């Protein structure tokens, strides 16, 4: 078995695994170290954000236990990450005000996300069963439950008679290219290596709505030190502490501790593509064109065995995601909503679904191909 | 077998079952008594609405028979309810004018809904087949075929050069909360128990676009008297007349004739949540924040065995639906379309899909879990 | 086996099959003659369009081979048609400018469409597996990968700081019917048989964004001469040259060479419905209300055995598509996007899904029913 169990029987240990694996699952794998470092990075940027990260993750796990979810999924952290993202999106993020009303919505959102997570997990996971369970092809739900829940809650809350959304900024006049319907985004900004690196690191930190390059450094370090630290359980599991959470879907003993590098690479591709397609400089510098690409690069190299061919596909998908991001940004933007990690989710789904039919791309254990 | 057959071999009896079960299926189960009482309540409010209810239901059933649908599904009423809703939405409802053009669209809509119903029934019903047919997990299509068909037809008809849509009311100025982008909905209205009950009953009647608390009373009585009245067929079926249609998905002999109570409870939760989130009072009083919740409470207690745990989940889902309703209202409202029963359908799907993985929630016969 | 193999082992022959079958698959079946005649018709209207048709089709096939797609699917043309449509939509079509920026997007779009095609093909093809692979029900992906890819790329490119979209025309004032919210489209135009035929033929040519009735004639002739010209391969395939590609999903020896007639009929129904529902005359004369209907008529008579009953259903579906077209036109139009072949794809999916449950409609080999 390539994936470890974190259900130890010790309540405190289980609690810690549930919490930190739940945070580490935001970038899609379970390593308590990754979780600790991400949480530290988030606290560094905002204590409010860090507190909600902990609270929302525990609420998701608690609701799942109450409803009777398999306990192993809870300690593995799978009920954490989506609830965390829903909770944080309504609290301390750049979208809505942080007050009593949004606090209640954050809590409620974190709780209901446990149900939407299970629904999407079942939907994507059990769609393709060929010739019985032994030959099933699953697709991960990724952060789909977070995005759909949050879009719905955000859009609903615009109608509420409570003080939730900040007053809109005065409308900006968009200058068009002569004879064209495309915007003239030329603002004379000169990209330097340093500015590029800052935008890239902010792209990493933006995965949890934080715009802070130092938080990004914590992320990259945490992603790199992706040791599973799986518990020793007599008769069940005897696994060294250093197994690789990032590669555990296909080989937990792989020495490729490359999740941090992939995150940087993904964010960097996003920044480069945004510069190339001349998106507004301000957005690029905030890291908005990096966080989806971070997740695409990690997802397509951790759920698919990393080979030169699958790496090429991941890069290609990341470029594709750099088209989908401005599309969904504009799409949801018209309703005053953020694109969230929608571009990542849809890109990763398409490429994992496609992997099923492309024999030059290897497939993982139970993902994409039997 | 928990679900009865209504195919008697007697054309007149089959006709009556097809008609009244088709109406009773609007609130998701098959009882001729429920059908008769709902139809009476609708006629009470509008003869036009009642006539279209009968006509559209029969068209849906007729098209299904022509196309070769299993006859048992037709007499069970499954080709009635969606066609009825599509037909009524274009006729005598609050949306479009009632004239020759909309009459034709109603008829065409009722007919094509037989095909979309079969498509959604197949899609949701046959998605999850694990280890062969014996272990299949189905999800009901609910009123999905009605909503997608009606949204498409409505939106198309806005482009037609025929007199279909009423002239829009003059735009109303929305007052915002100071320093916020949220509306100030405070209009000084004081909710009393009586007003709350009227809004709740109207919420029930709004399931078929009727705003009339007396119609709501007919609904509640009809839902309560959910006797199946299944025909005696020698050698096939010997079943007492009083079996419970509302609980027939998990125990037809259950004494819990609670469908009417669930409808009231669902609508009441919807009204309470709308007051709590400060939605416009006028909408709440029209019953617009009740009808989706009525269907969520019935669906999640009749397709899932009713236990304290599943009841808690149904209430939680109904609260969730009270977020999804204003979201979809605003979403479709921007295009001049109603949300219809979209909030119910999506909420019920998510919670039935989630049920598959939550072991504290029991599952029905063939629904959600094998 | 009803479907031929085109993998001959001869690189040049394989190349030609890949190219021309890829073009012929735009109207949903594989015949090199159909492909040659369609390409000729497109060249007749625009050399640019013809060149992109060839280029985009080869890029789709090339990317598929690189990624390791089954070679037989490539020579059958299945990686051609969607890439062709994506490529052409960004080049020489009526939507965006033809310049260096859109050329690159066309090329990138054609390449990534190979992945989205595989994803949709897997999604729709492997959803319904009952009791193992022997009893699988598949639904074709049709041109879904083209439409979703192109919508995303188009919408993204509106944000790019490059000169891609033409300056919008000055807003036109829409005159309403008195007391109604519907447009007054009465412009005094008198439809003659000749005008009707021109609109119908343009409806056929519009499948690849060409507005030219002569191109439509090439299409109709090419669709009629749907000989498979399958290669003789010793020990593998000995098949006469004249087998019918249009009917090959259910009987390759059928003498019903009716694809051209179905195209005309579909487009004609579309024009008639648009006149009946009083859509703007200018749109009808451009052929915009024909191309989706062309594809619906072909799809529902070539993936479903052609009988009087299935023919009736196809006509009914084509009428339904004539509602969905103005709906999606308005829906995507608000964002400055075309409806593309969305109305066809969704209509054909619904009716093929419904076919699974309607026993009076025959089903093909592996499509819709086991």
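Letters A, B and C mark the chains in the order given here, with residues in each chain numbered from 1 onward.
Just so we're on the same page, a residue touches a chain if its C-beta (ideal position, glycine included) is under 8 Å from a C-beta of that chain, and two chains touch if they have at least 3 such contacts.
As the structure is a prediction and not an experimental result, all values here were calculated from the model.
Taken as a contact graph, the chains are fully connected, with every chain touching every other chain. In the CA-based superposition of chain A onto chain B, the rotation angle is 120 degrees, rounded to steps of 5.
The mean-CA centres of chain A and chain C are about 36 angstrom from one another, to the nearest whole unit. Counting only residues that touch two or more partner chains, chain A has 127, 129, 132.
Put simply, chain C touches chain B in their complex at residues 127-132, 137, 176-177, 179-186, 277-279, 309, 313, 316-317, 319-320, 323-327, 329-331, 334, 349-351, 353-354, 356-361.
Against chain C, the residues of chain B that register as touching in their complex are 64, 66-70, 97, 108, 111-112, 115-116, 118-123, 126-127, 129, 132-133, 151-153, 155-168, 335-336.
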